[in-house]
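Structures given as structure tokens follow.
Next, two complexes with subunit A in common: one pairs it with subunit B, the other with subunit C.
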Partner chain A sequence: MENRPLEYDYTVAKWFMLSTIVLGIVGMLVGVILAWEMAFPAVNTIAGSGLAEYTNFSRLRPLHTDAVIFGFTLSGIFSTWYYIGQRVLKVSMAESKFLMFLGKLHFALYLLVVVAVVGSLLLGITTSKEYAEFEWPIDIAVVVVWVTWGMGIFGLIGIRREKSLYISIWYYIATFLGIAMLYLFNNMEIPTYFASGGIGAWYHSVSMYSGTNDALVQWWYGHNAVAFGFTVPIVAMIYYFLPKESGQAVYSYKLSLLAFWGLMFVYLWAGGHHLLFSTVPDWMQTMGSVFSVVLILPSWGSAINMLLTMKGEWQQVAASPLIKFMVLASTFYMFSTLEGPIQAIKSVNALAHFTDWIVGHVHDGTLGWVGFMIMAALFHMAPRIFKREIYSKSLMGTQFWIQTLGVVLYFTSMWIAGITQGMMWRAHDEFGNLAYSFIDTVAVLHPYFTIRAVGGTLYLVGMFLFAYNMYKTMTSSRRVEESELQNASPMGA
Partner chain B sequence: MDIATFQAYGYFFFTAFMVAVLYGYIYHLYSAEKKGTRDYEKYGNIALHDDITDQPIEEISKTDEIKK
Partner chain C sequence: MFHWLEKNPFFFAVAVFVVIAFAGLIEILPNFAQASRPVIGTKPYTTLELAGRHVYIKNSCNACHSQLIRPFKSETDRYGHYSLSGEYAYDRPFLWGSKRTGPDLMRVGNYRTTDWHENHMKDPAAVVPGSIMPAYTWMFKNTADIDTAYAEQLTVMKAFAVPYNKELPMADGSKATVALADTVEGARASALEEAKVIAADMKDQDVKDAVTAGQVPEIVALIAYLNSLK
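And then the complex of A and B:
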């Protein structure tokens, strides 16, 4: 038996890295198509009227949201877990055949679910619950994937050498537990075929909740999917990758612990802000508003901690595009976690609800914070996984500026569109008659919808540059020695 | 006292309790460090010294293994 020194095994991290890139391109491409459809309705039938069923807005919309949430983001979360988990616990997956098997099984099952999701959504098979569109057979498969991941997490923790769990591990555990709880409760559903004794399609189901209760559970889930999918695991990433890439330990470890518990306690109560001025009890709406505003504190606790980690090292932001991505990500995190609470204030919400401002808010968070952080994480991991330098620094810089411009165009156009919409919907004459019809707003919003589509297209172009840079890094970049991989990632010109 | 009033009191005191727990946690973090019981900031180095050959910041000791 050969006696090789122990090394971290990045096989599963590498596989999920590939699925992050592929599903990111798919999800964002569909998003861009949707944006052009909104601006120019003729795009709905761009592939001919025969295929209009598959290309229209309503059929593609869940494919976009689910591909970027459960495809791009979740793959990024898994990939970084299989990388960070080993490193901060100081244990290699190669040390346990069982954990290695679980990791590979996790990826294989995940791919099967992706195929089932894409297929069923394209065919129009959906529960019609936002971000929870999958029918019951897929839900069961999702639970199996999740449990497999969980066994991997706790298995690795069980054989660790480092006694203390680094703060990122806390966040990954919270992601696992949070999503498990949310997903199970929101997807409680009754398969109609079996409950009715053979009526309808076998895969169809109805929610176990009804009316207002259904809405409450749905938005408790929906908002916390943002919490435990778009916030908690992304914070886990930045707490590892920013210190590692910059060579600076996190500014205040105590603040990271405090912000963690703050976030855990406050986030779960904020979902009611999605149901302001609805049939939900008034005290619950107020609670949703209040907790949303309080949420600024733990969110900014993490974000400020990250920016202070760069204290005295700001020259790195100018020098390294990778640090640029992460600093801009944490800035966008601060920005969207201030914007969200403002929108959750009842009087602001009266204007903002159902308008494009909400869409703008989601996208400055997801494109600016989630997207930038996941791409930065992949850029940092690639030289360590493939033992090659990042192919092109200048291409990274170009990608950064193109995508930043894309995000700015996206959220500014949606701000203007959203507030214009809100003002026009509520405008009335002295007798209380509405001043505008719906189509009046559509005509006014058209330029902003076009600007949004341009912004989204720019972000997608950046995504292609990212994929090309990663591909070249994997295949033909200069090989590097272990000694070059300590902190700042090696990059070619 | 009707149920709504009871809920309101319960909600208020629960929130006050949670705030006390949070401030208690802050006090605990700083006082433990001051007394020298635990240096939280050293855990930040776990991310920086994370090669498989690096010495763990706090190793799982033999005594921990036995306790298990």
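And then the complex of A and C:
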């Protein structure tokens, strides 16, 4: 009995895998609609002018960001946690009825929140704060979901057999703590219905911070929601899946230590770079700017550690589309964490802020790094969860190239758009008057908006290929034996 | 030490929390009280303006329009005086935005009129050829939520001592008072009075009829808010 391998229970991982795929498609589809609306405004009324309230750009925009952050990405984080957690702690969810119950409860509550969020955002019930749009009843539900997950994490750690926590577990713990702290403080609000003795809408609330303070807290949150949603847990994934899939040991333990603690310390300071030249005090802006540049070190620490893990094994990149996804994800991570600090330099920010260059930066990070890594994780997990090989290797390769092309079109067009618009806003003629009216700076962007929409559409097409490949893998692919599941994932033609 | 932490999850979590909480404490706390003081001339929103602000938020206008003028010549030429911290003292939430797909609106009340907004919200491209802003026709039909705006006013007056019914110094040396009704019926009545002034400058017959019948369409509240941005 002692030598028999553990039977891990992947029920919850499987459920979150499905929500990753479904919410990914929903969020990206909304994103693609938004992109076409910017290129061709007639798309705003595509469902008729009667429904325009629910299909126009401004009502859909928070739905896009929240669906990809809290739908696609968060589902991916939860799914990989319920997979990696058991395996590196050497304990099965099946060993504890309580943890199993918590996991299932976690998923059920999460789905309820998703439904509430989609409904309320479409109705325009929002606090306006980016990535924190939810009103107080949903905020409370989010806290419950988060605490349920946290109890699951620490419960599993509590009954672990492997005493030392693997690097990925560090990052999951940090994700849990970081988001908990940020979310609580940013959403401090007073429900007006109760404070006023029962007047008006019951779900409405007012922020406890005003003006400049509100902005400061929001961007401390907003920037670090990126840290603890788009960076920390994704690093957790790559530290597990790249060594597993390639059969290579992590290049340097010391580098991973340095990168982890460096990232924890430095990231939180950098939120100020969203507020350069605003009304927050100058010293805070400078701190935000300086720490953003310092942030290159821990970010590149992780990324280089991953690329060096592939040392001497680069033929795998050519041979396996799964390795391609992860290596390109890591490369986009380096790229994005260099671009961000450049934009945080004050003189660059003066040009880039409020333009599409920022949108481009977000998307090379999310599409290239977060999206690719999550899809690679799902591809790696699927054969082990469903005991079937990945349905089609060639489809996976096709998806890789279509999506890579999509990302490249996206960020290159947004660079040009952003820098063009920034330069036109500040251009003066020979008499010192503004050279362009605002609408001139919008009209010039049309071709770039169109290219971006094409890029986004390509990425979405890749998502559909991904969903199809995963569906076939779950249902009709060739069954595989445990012995085939050592390193490289088995793939069909 | 790190090896020890990796075997002791509780202390590991504590260490992580201390390291990540540090920056927030140092950056956010010291300036908190200072940043929330109003400058002279800043007034809290009236019931109708606040209801309009809710319409602005409901439709995520802040997704495309900033309310933050940076201290550059090109921005002050285009939008007016650069923003001061105290001007936002009564803004809960702040609406600085993060993207200018459309122009900044911090001082739009200085250079646009009720009439301009009415035409523009109905068909942006007819007023600004080449505009990619969608039309907001439903605002002419939906009714603004005056009660919730009033509830918010009561809340901020109680919780944050926002100075309703108090004399406030204005930039020209005069005094101004923003009245807040004692009851929700009173608030509805004063919002309607304000709405009548706006509707008088509008052309849309349905909007005029609604206001005559005692209703406040969303567009009227929104225009009241936009006109207050100075």
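Operating definition for what follows: the second predicted complex is superposed on the first by the 485 of 493 C-alpha atoms of A that agree within 3 Å, B and C clash if a C-alpha of one lies under 4 Å from a C-alpha of the other, contacts with A are read in each partner's own complex, and residues count from 1 in each chain.
Convention: a residue touches a chain if its C-beta (ideal position, glycine included) is under 8 Å from a C-beta of that chain, and two chains touch if they have at least 3 such contacts.
These numbers come from a predicted model, not from an experiment.
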On subunit A, do subunit B and subunit C fit together or clash when superposed?
fit
Contact-wise, after the overlay, does A:Ile33 reach subunit B, subunit C, both or neither (first, second, both, neither)?
neither
Where does A:Ile25 make contact in the superposed view: on subunit B (first), on subunit C (second), on both, or on neither?
neither
Which superposed partner A:Lys163 touches (first subunit B, second subunit C, both, neither):
both
I want to verify one number. Taking the Cα centroids, what angle sits at subunit A between subunit B and subunit C, in steps of 10 degrees?
110
In the superposed model, does subunit B or subunit C contact more residues of subunit A?
C
Touching A:Ile390 in the superposition: subunit B (first), subunit C (second), both, neither?
neither
According to the stated criteria, A:Glu7 is in contact with first (subunit B), second (subunit C), both, or neither; which is it?
first
Look at A:Gly247 in the shared chain and tell me whether it touches subunit B only, subunit C only, both, or neither; answer first, second, both or neither.
first
Look at A:Met334 in the shared chain and tell me whether it touches subunit B only, subunit C only, both, or neither; answer first, second, both or neither.
neither
Taking the superposition on A as described, I'd like to know which of subunit B and subunit C A:Thr355 touches: first, second, both or neither.
second
Touching A:Arg87 in the superposition: subunit B (first), subunit C (second), both, neither?
first
After fitting on chain A: smallest Cα gap, subunit B-subunit C, Å
8
Which parts of subunit A are touched by subunit B and by subunit C alike?
163-164, 257, 261, 265
Mind pulling up the subunit B residues that touch subunit A in the complex?
8, 18, 22, 25-26, 29-30, 33, 40-48, 50-54, 56-61, 64
Report the residues of subunit C in contact with subunit A in the complex, numbered from low to high.
2-3, 6-7, 9, 12-13, 16-17, 19-24, 27-28, 31-32, 35-36, 57-64, 66, 68, 70-75, 77-78, 83-85, 87-103, 125, 128-138, 145, 147-152, 154-156, 158-160, 184
Could you pull out which subunit A residues touch subunit B in their complex?
5-8, 87-88, 90-92, 160-164, 166-168, 239-240, 243-244, 247, 249-250, 252-254, 257-258, 261-262, 265, 283, 487
Complex contacts: residues of subunit A adjacent to subunit C
37-38, 41, 44-45, 49, 52-53, 56-59, 61-62, 124-130, 154, 157, 163-165, 170, 173-174, 177-178, 181, 185, 190, 192-193, 195-197, 199-201, 204, 206-218, 220, 257, 261, 264-265, 267-269, 271-272, 274, 277-281, 284, 287, 291, 350, 353-356, 358-359, 425-428, 433-434, 438-439, 442-443
